[in-house]
Amino acid sequence: MGTILQLLISGIAMGFIYALVAIEYTLIWNSTGLLNFSHDKIITVGAYIFAATFIVKMNMNKPLAIVLTFMLMGILGAVIASGIFNPLRHMRSNIFAVMGTMMLGRILAEAIRLIFGPVPFTIDNWLSGTIRIGTLMVTKANVIICVVAILVVIALQLFMNFTKVGKAMRCVAQNKKAAALMGINVAQNICITTAISAIICSVIGMLIIPLFNISTTMAASIGLKGFSAGVIGGFGYLPGAILGGLFIGVVENLAVAVLPAVYKDIVSFVLLIIFLLVRPSGFLGKKA
Amino acid sequence: MRKVVNKRMESLLRVTEITKKFQGLVAVDNVSIDMKEHTIHALIGPNGAGKTTMVNLITGVLPLTSGKVEFEGRDITGMATHNIARQGIGRTFQNIKVFPTMTLLENVMVGGHEQAPMGMVKGIFDIKGSRKEERRLKEKAEAVLTRIGMYDLRNHLMKNLPYGRQKISEIGRAMMNDPQLILLDEPAAGLNPSERAELVEVIYKAYEDGYSFFMIEHNMDVVMKISDYITVLSFGRMIAEGTPGEVQSNEEVIRAYLGSRYVEQDKRRDSYVKSEWN
Amino acid sequence: MKIKLKPLHYAIATLALAAFLPFFITNDYYMMLLNRVLINIIVVLGLNFITGLTGQMNLGTAGIFALGAYSSALFTKYTNLSPWLGLVTAIIMGVLIGRGLGYPSLRVKGVYLSLTTIGFGEVVRLLIANTPKLTGGTQGVRNIRPYHIGSYQFQTQKEMYYLFLVFTAIAFFCAWRIACSKWGRIFKSLRDNAEAVEMSGVDIASCKIKAFTVASIFGTVAGAMYAHYMGYINPSTFNLDLSTNYVIMLMVGGLGSVTGTIFGSAVVTILPEMLRFLGNYYQIVFCSIILLGAIFFPDGWVSAVTVLFKKVYQRAAKGHYAEGGE
Amino acid sequence: MLKKWAAITLSTLMAFSLAACGGQPATTSGSTAAPAAPAGSTATGDTSAAAAAAATGNGEVIKIGLIAMMTGDNPLNGERMNQGVQMAVDECNAAGGINGSQVELIVVDDQTLQDVAVTSANKLIGEGVVGIIGPHRSTNAMAVEAVVKQAGVATFTGGTSPAISTLGNDYLFRCRASDGIFAEAAAAYAKELGCKKVGVFFNNDDFGAGAETVIKQYCVDNGLEYTAEGHNTGDKDFTPQIMKMKDAGVDTVIIWTHDAELAIHARQIYELGLAVQVVSSPGVTMQQVIDMCKEEYIEGWYGVTDYVSTSDEPTLVAFKESFQVKYGIDPELYAASYYGGTVALLEGIKAAGSTDRKAVMEAVKQVKDLKVPIGTLTCDENNDLIHNINVAQIENKVPRFIQSVTVE
């Protein structure tokens, strides 16, 4: 029993990470209709900038480091948007965009290796420590991740519904042509969205440091599973992302209780395929 | 090319009491149409009258809620779209559906794909046979293009042709299968007067070749000029049918239309604008 | 289109050229690269039907490739029969995969399909890795027999090269015939506008499945060739990066262009090796080149020149040309 | 159009900024020196050879090749290999080279992919190398095995999978102990620690799976209760595996996986309170892994390894010092073991007295009691060079040498 509960808890914890990933690329999907296959690398970049550059090299105090990282990542996002998404979304097929982002991913990975060196590392007393309830254990980092994930969704919903920019984003998400005719600067809007997405990526990057440590491949697995989470929750629908993330996290953990542990990774992909075939709109999504 | 059939007053397409409900909303309500062989039958009505829905029901794009569709006496209700097409029904689309990255000739040849029976594997190795087949298809397409007066444009990329041309080319594509019946979904929408005149000419020529047309149209001058028989829908219900003369003098029709004439014009403007976007 | 213009004797000329190539190459390393190019050409020729012509994103090529390699390798290993029969099993496997992947493609479109195919690829890889009883798991399959005719074994790179040249020529011929036939036309029209095709009486479902089947047969055959060529296969080779590379080859060659596949495979296989002199930076430079290619020459690098010419011409003629198209 | 320019500037900027700043942090990790060497030589073998010859003023240059994973998923590994090998070569050259002719190292990157490894091997053979160091992964070693056999080039891999010994390939040497030794030693030590029920966490790839079979065999033979849980490379959460172990009530855990996964295991085992003795694969004794763990995570863990930084073995101490002087960092087992492999190769060439590949292979087969940082090299009939491994225990983040186990 204790085991099952523990599995549930860690499943939920992982689930919220997947959820954040799903949110971050759903934003871009909504505004550009493209999938950002380089998102795991962007997460990694965020982590490196924060940890390697600001904390280790400059040993800055953490709040300042966080703020600066956000700014840098925002800029990076805008650059990526104007450099890749905007040119590529006009192409006659989305293949170019997908490939573009994949290439970007590889470039970023190499860039990280060349700039920061290949040595994996971590930073001390950053969100470390655990909370115990009886025999059950949950790391502080996971708790924070849950809170942040929920906050991010709420914040985004408010932003989307009550700010001018946010509303513009929703228009763009629904119909770029019309939005353009309404005088919304679509390209600029996409820049903003991507910037926000990049910032969320950096948030993820920072939050997973105590759990995953920092290495060039730290985000590889959550990258793909994040896609599954998004689809299962309902593609393009933010609250759905959380549901999907939790679903995957919990199911894959509980599945291991019966299956051999090596099949854990297969679970999420099988779920992905099943959902795409049976219910492409996911749990909460509008009909796809 | 389809050869002229001797004109008998047998029904070609019979639609009996078909109804289509989109959850709650009734788009087509218990409509029956009996279209005679070798005629041009127009279906008119104000916006939202459910005309395009009718076409989609006949071609099996949408499933019927209730009712029956017969073609040449055969029941085609609930058939898959491509099977219905194979029965001898062609179709054009309200917002054109062409293949922009292919040439006009190729566009039309796609329409004749089913005329070329050779399978893929055989096609790989039977070079002579497949070449002959291809040539036959090509000649036919060229004949069709000549018929609709676009032969000289055959090697242009579709996306570089003007909207009107693209629209008329759809008729050509439909003709490749020698269907008895071609459904025209607002063929004149978005065409300028000269193009419209051309369209009328094309349709009429084809009619003389023995094709029958079931036409949805807003544009009254086109409808009145060429259709033998008219069915009028309003809000999914059939309010009148008869020859152009009868319909014109039918006051219910006039009421339905007077209320919405301006809408008509807006509608036409819309489709112009749309043509500029696409 | 591009494809139609190519007369047959060009192909023959190229073939002759390819046949003479080994006489100028002494180094096994370059021979090996050529062999890899030949194998990749076959895969990309197949992928071209799904992604190039029918315009459906397939990121599961590695899965197809892997299943081909493993079905042939394991068949020859367990039955101890000739690799040629392994090739047959690979083809059968290809047909099965084609059906298996084709049906989803009827339900899910665009990016959903690419996610499905990614899932497919990953599942295949993980399953192979985690069923050691059958596949040898992550230890891989060793000493896979090379192809042979009678007692004559294809051992050296050169011998392999000529064998694979024949394979590739046949594959190219088939792909070319299909792409230039009414089938190629239908595939293209499916990409542009499925409803219209359906209304012409074409059963689009069976067409799409045909496309996938052809593609996966090409993929599995190439996989089998790879297995018997390398002599050792291991699941970790068949990852998402591999699938990506194949799509890149297609892109570089130009989507939908059959002849382009040769160019694409050659570039993507050889360019990184040529860039090795950059030492630490060769990967990043290679990726940057590809990325820029995707942005500037969406119709493939071959077309780059023509596109450029067009642009200039239109500037001169003040003609309005929709770049990229819809 | 403007967008496109934005794009081109962006990506070129990217590339160049890297070219620019790639250098200065790289020196801290010490990677610029090595790739610079192949940069010249890989371009065209002969010219660079000529250049080198001119430099040494001697007729010929002896080329040896290195297949390392510079890019891809575990670049650190490749970089350390590179440094170790480079150092061995430099020392040899500093000492006047081999029979008067200088040694030149050609580095080629396999992205930890089998096919690229084979391509790389072919490339090196084409460049006329006398011997090849690497590739590291067992799978890659098996992939290149046929090629190097055909070309007859002595090749020194660090792949530890027991399967390699069974290849019966005269040209494939192994400069690290086989898992047949490693894993068995780990299991044996666990037994020494008085365990009754062993639990094994293994990475389900060639590395972990190979060891797992060995350990299982050992446990069966010695009547130890045994349970194993696998994971895939890249997994980030091992709660299920650990909880299963907890429920199974194991008293000793053996972990066999790569650095990243090992660090996470350490954390989660501690956090989930699986309080048992732990014997681990070599990773735990490596600085980069220790740095990723809090002290309490790995305190008292045992690690079986070929290289213990705190051992007072004179060769090792000397190696450590010169490595620190050269690169400003501590060496670890990749650097050390491939340094050893290179030394063996160079000795072989020296003994052969020629660059004839077959002669060199024969000479290397004769290597006996050659002292290198990770022990003494003696070639056996399976071409395994290392037969002794060390057990170390982590005490406040420092691996302390406990004993050296030799298996015959």
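We just call them A, B, C and D in the order they show up, numbering each chain from 1.
Heads up, the rule we're going with is that a residue touches a chain if its C-beta (ideal position, glycine included) is under 8 Å from a C-beta of that chain, and two chains touch if they have at least 3 such contacts.
Note that the structure is predicted; figures quoted are calculated from it, not measured.
Trainee: Note the connected groups of chains, using the touch definition above, after excluding chain C.
Mentor: When chain C drops out of the picture, the chain contacts leave these groups behind: A, D | B.
Trainee: From chain B, which chain is the farthest off, judged by mean CA positions?
Mentor: Of all chains, D has its centre farthest from that of chain B.
Trainee: What is the distance in Å between the mean C-alpha positions of chain A and chain B?
Mentor: 48
Trainee: From the C-alpha centre of chain A to that of chain C, how far is it in Å?
Mentor: So the centre of chain A lies 31 Å away from the centre of chain C.
Trainee: Can you compute the centre-to-centre distance for chain B and chain D, using the mean CA position of each chain? Integer Å is fine.
Mentor: 72
Trainee: Just give me the whole-number Å value for how far the CA centre of chain B lies from that of chain C.
Mentor: 41
Trainee: Counting only residues that touch at least two other chains, what does the list for chain A look like?
Mentor: Expected reply: 84, 87, 92, 107, 110-111, 114, 260, 262, 265.
Trainee: Which chain D residues reach two or more other chains?
Mentor: Counting only residues that touch two or more other chains, chain D contributes 4, 7, 11, 14, 18, 22, 26, 31, 71, 204, 230, 232.
Trainee: In chain B, which residues are in touch with two or more of the other chains?
Mentor: Residues 101 of chain B touch two or more partner chains.
Trainee: Let me make sure I understand the interfaces: which chain pairs count as touching?
Mentor: Every pair of chains in contact is listed here: A-C, A-D, B-C, C-D.
Trainee: In their shared complex, at which residues does chain A touch chain D?
Mentor: 3, 6-7, 10, 13-14, 79-80, 82-84, 86-87, 107, 110-111, 113-122, 124, 128, 130, 137, 139, 187, 208, 211-213, 215-218, 220-222, 253, 256-257, 260-262, 264-265
Trainee: Spell out the part of chain D that touches chain A in their complex, as residue ranges.
Mentor: Spelled out, the residues of chain D in touch with chain A are 3-4, 6-7, 10-11, 14, 18, 21-22, 25-26, 28-29, 31, 71, 73-76, 78-79, 204, 229-232, 234-237, 239-241, 243-244, 246-247, 259-260, 263-264, 267, 271-273, 288, 291-292, 294.
Trainee: Using the touch definition up top, name the residues of chain A that touch chain C in the complex.
Mentor: Chain A reaches chain C through residues 29, 34-35, 84, 87-88, 90-96, 98-100, 102-104, 106-107, 110-111, 114, 224, 227-228, 231, 235, 260, 262-263, 265-266, 269-270, 272-273, 276-277, 280, 288.
Trainee: Please give the residue numbers of chain C that touch chain D in the complex, ascending.
Mentor: Residues of chain C touching chain D: 27-30, 32-33, 36, 126, 129-130, 132, 137-140, 142, 157, 230-234, 236-237, 273, 276-285, 288, 291-292, 295-296.
Trainee: Which of the residues in chain C come into contact with chain A in the complex?
Mentor: Interface residues on the chain C side: 51, 55, 57, 59, 104, 107-108, 110-112, 114-116, 118-120, 122-123, 126-127, 129-130, 191, 240, 244, 247-248, 251, 255, 280-281, 283-284, 287-288, 290-291, 294-295, 298, 324-326.
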